[in-house]
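What follows is a structure written as structure tokens; I'll ask about it next.
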Amino acid sequence: MTQFSLFFHRLASPPHFYELSKPWGRAFSWIALVLILVGLFGGLWLAPRDFQQGNGFRIMYVHVPSAWMSLFVFMVMAASAFVGLVWRMRLAYAVAAASAPLGAAFTAVALVTGSLWGKPMWGTYWVWDARLTSELILFFLYLGFITLNRSFEDQQTGDRAAAILALVGAVDIPIVHYSVDWWQTLHQGSSFKGLTSEIAPSMLWPLLVMMTGFMFYYGWLVLWRTRSEILLRESDREWTKRVVGS
Amino acid sequence: MSSGLAIRALELRRGRRLLSRSLSFELAPGGFIELSGPNGSGKSTLLRVLSGLGRLEAGELLWDGRSFNCASDEHRSRTLYLAHTDGLKGALSGEENLHLFASLRQFRDRSEEIQEGLDYYEMTGLKSVPCLRLSQGQRRRIALSRLRAFPASLWLLDEPTTALDRGGIDRFADHLSDHLAAGGMAILATHQSLPERLKPAIRIALGRSS
Amino acid sequence: MSSGLAIRALELRRGRRLLSRSLSFELAPGGFIELSGPNGSGKSTLLRVLSGLGRLEAGELLWDGRSFNCASDEHRSRTLYLAHTDGLKGALSGEENLHLFASLRQFRDRSEEIQEGLDYYEMTGLKSVPCLRLSQGQRRRIALSRLRAFPASLWLLDEPTTALDRGGIDRFADHLSDHLAAGGMAILATHQSLPERLKPAIRIALGRSS
Amino acid sequence: MNPWIQFFRSEVGLSWRERRRALLPLVFFVIVASLFPLAMSPRPLILKLIAPGVIWVDVMLATFLGLESLFRQDYEEGVLEQWILSPSSLELRVFLKVISFWTVTSLPLIVMSPILILWLSFPVRALGILLVGLFLGTVTLSFLGALGAALTVSLRQSGMLVAILLLPLATPILIFGAHSALLAADKQNPRPALYLLATLFFLTVGLVPKAISTALKVSYEV
Amino acid sequence: MNPWIQFFRSEVGLSWRERRRALLPLVFFVIVASLFPLAMSPRPLILKLIAPGVIWVDVMLATFLGLESLFRQDYEEGVLEQWILSPSSLELRVFLKVISFWTVTSLPLIVMSPILILWLSFPVRALGILLVGLFLGTVTLSFLGALGAALTVSLRQSGMLVAILLLPLATPILIFGAHSALLAADKQNPRPALYLLATLFFLTVGLVPKAISTALKVSYEV
């Protein structure tokens, strides 16, 4: 085995991961807190009023990061599902299972903030627009994943069945993302084309800070939840008894 | 290097239940194993694992001294597994079921062998009745005809004689002897004792599960 | 006027197949009948007719000398029929299944009897496992607990001992003796011979169907 | 406890447990309802016109999805035999089984429908009529579906015949149901359509359980 | 005869003989399609707008109605075990099974749809696009539905869970499909939508059989 794959395998062994993830999780939680506070300060305080939307646009600082995260988390799930199915890595399943409720929550936040933003912008809370609908569908996909995963008495079966669903469901991600380009819809098009952006820098930087903050927030939660997932999965092994005992 | 099947330190689990911590045995060509043990001791589970249906938790499997994977095509084509359920489509007749099975196993044109198998288990007269209209024992006879029509070196049979009448059990015993005489192997889980003349090479008694 | 069950000139058919032209026998309280015969001879069919599931083609049925209808509530409440299938809902646990059965039979609060039945067949430890997660023999044990928890004067049992281990068969034999000693009756279809001490009042061998 | 109540509770309990609780029918309903606006032009004017049709098709679909296999599991596990052989009334048992199915499957949908209706821009004033119609219709559909399930439980083949018999019976229910809601939305008189629905309802509830139990018995008499 | 051809023929024959599979979806399809004009004021202008949507939703629901139990019978009879344990490719077998299902269930719907479409005052010129879309879409939907059936085969749940797993996956197909027909009716360019459908079609046909066979194996590994 190469040095790298050896390292990878060590990292992926549940007991090792359990030990290692503790300090990382704590670090992530602090970074997330700081970034989100800075982002909120920048977005709600420092950024100038939008000349069209007034202060309403500030909801963006929650809406856009959570919408992005809703897509990102699903990709993480699909990737771990792949790793789990191909290399039979137990840790990967735990990551996917830990991510699903978080992704569902991000999706819910994106939907709610989007709706609230839609009332002043479009005059209605909901329209059957392509992006909105596909985001709603993404939410159902998360629910389907969670339900399927818990439907089997045998956790391994549930994990693998749900992993298959996640892989197939990943097709929805590009559809959500590109829906605004494929159809002219009410929803905003992509603001980022490559590295250039149409947003004014003073409005942009808090958004990017918020984005990073959300990433770390997710990182912290997913580590924390994965730890409890692996404890559950490995509850009949020696090392878990040691950990829980102490 | 021994020929035949060897199992080393197999761990047997079903759900969260540990059934056997470490099971080892060897089976030479021409021999058969009688699996016994109280209800729930893991006979069916062991057969499922060996057939490739169940998950192998830990342990080593060797065929002619070489380690193998239960889910490989190689192992599948040399093994026939017969479960509690007969594996027959109720809507199809016995003959149709056997033809379907031939297509599963990638055989072309086994009509003759199929006729012979049905004949052997005295089901020729009922071969075109949908299986769902057959009695329990008749269905089992059709299922056993499969073993006759399609060659395989390892039989994994889960209580093959349930629902068979005395004559049927005798037939089956003859059939098993033929199979062993031709160098085949078999692992049988059963509560009923087989006719005297069939002496298993090994008797494995699984323990009561905790 | 004899007490017990009497069958006169029963015609047995399944689908278009005539299985027995005229079958007659009598069974006194405390006795049991062992039905035997080759596969497909009509053992299961006879039990189904007597239980009221199958259609009675021709013949007379008498209970304590009085003619009766198999589909009447009176006959139903004094009869328990156990078929090839165990009649257990896979999603429910053994205990839940027995409670459901109590509600079917219009019993209130049989918890104690149900516990006793499960205990008798050594299933107390597994009573809350969904039946679909039980082994074949364990499921059969739950089904038999039914006979223990709910009284009935006539048992109609179709191969009751399949999948039971030796200990289970012994248990069942004891149970049957108790039932007979208390004046019960039973008709059993079986290919396996029961333990020696159980001598059937009558052995009926059905013939090979044409 | 009364055996009938125990039976009903266990049937409802079973379906709750097996179906991952109340959430599933609900999510299903929402998903199907959202399919229509997706596939059609999502203009409120059009949505308003199709809303009752959407809700009705949705409810019918949800009902049929589960009903088809209402007795199959029990049949295959040999539980249905024990039903027939028990001294208690098979008719009443069948009635309770269908009602418990309805309680678990259709009732949550009916309870949900007001929210959906608003989501599909349907006028609130027609809500009462829609709900009454849905109540009458779903019960009737459940009984009809159960009859179909009972007729086909053992004859794996002549299901076609049943479909031909049943679906024409189901059609008027759908049409009257959707129509009454639409009339109410249009400020027209929905009563006649509702009366027809009610007539079908009483006929079905009164006669079909008997038919179902006969069908079940017959299917064992092979 | 080639074993695969024999298998395919037996599957198709079986579905005709067994179950209501063949007819129920068809009747369901017709009823749902006729419900809409009946449930709405049948103004041609509106009908034309909703026609492709109606047909598409309808086809999708009718397909799922039968798919839910695609593997159930085989699972319970122990036939599926033998599939998994056979040395021949499970993937190819699954593929043939789905295609045979499609032939028996969806193909008749596609053949029927031109009649319905005319009834719904849809312009004839868009018919070709609609049919191509339906062809691509129903095959894709059948594979997705089979995946749902495979994932839940050991769960003994009724259609609800399957539907919830599937509908989100199926929605994009519905959107692209209905959209392409609408565009064609509007004399706009339906190609991009059709290309997307075709992409999904190839992705599904290429990858989903593998997913299905894995799902089937997984459900035995309890």
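Each chain carries a letter (A, B, C, D and E) given by its place in the written order, and its residues are counted from 1.
In this section, contacts are C-beta pairs under 8 Å (C-beta built on N, C-alpha and C of every residue); 3 or more make two chains touch, one makes a residue touch a chain.
From a predicted model like this one, the values you see are computed outputs, not experimental measurements.
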### Message
Using the touch definition from the top, how many steps at minimum link chain A to chain E?
### Response
1
### Task
Can you pull out the chain pair that has more C-beta pairs in contact than any other?
D-E
### Summary
Relative to chain A, the most remote chain by C-alpha centroid is chain C
### Task
Quick one: report the Å distance separating chain C from chain D, using the average Cα coordinate of each chain.
37
### Message
Based only on mean CA positions, could you tell me how far chain C sits from chain E in angstrom?
### Response
46
### Summary
Note: chain C sits from chain B at a C-alpha centroid distance in Å of 30
### Query
What whole-Å value do you get for the distance between chain D and chain E if each is reduced to the mean of its CA atoms?
23
### Query
Among the residues of chain C, which are close enough to touch at least two other chains?
15, 84, 90-91, 133
### Task
Would you mind listing the residues of chain D that make contact with two or more other chains?
18, 20, 24, 27, 31, 38, 73, 76, 156-157, 222
### Query
In chain A, what residues contact two or more other chains?
133, 137, 140, 143, 147, 151, 153-154, 156
### Query
Within the complex, which stretch of chain A touches chain E?
85, 130, 133-134, 137-138, 140-141, 143-144, 147-148, 151-154, 156-157, 160-161, 164-165, 167-169, 171-172, 175, 182-183
### In the complex, chain B residues that touch chain C
15, 37-40, 44, 84, 126, 133-138, 140-141, 159, 162-169, 191-192
## Note on the structure
In the complex, the residues of chain A that touch chain B are 153-154, 156, 236
### Query
Can you name the residues of chain A that touch chain D in the complex?
126-129, 133, 136-137, 140, 143, 147, 150-151
### Query
If you look only at chain B, which of its residues touch chain A in the complex?
15-16, 55
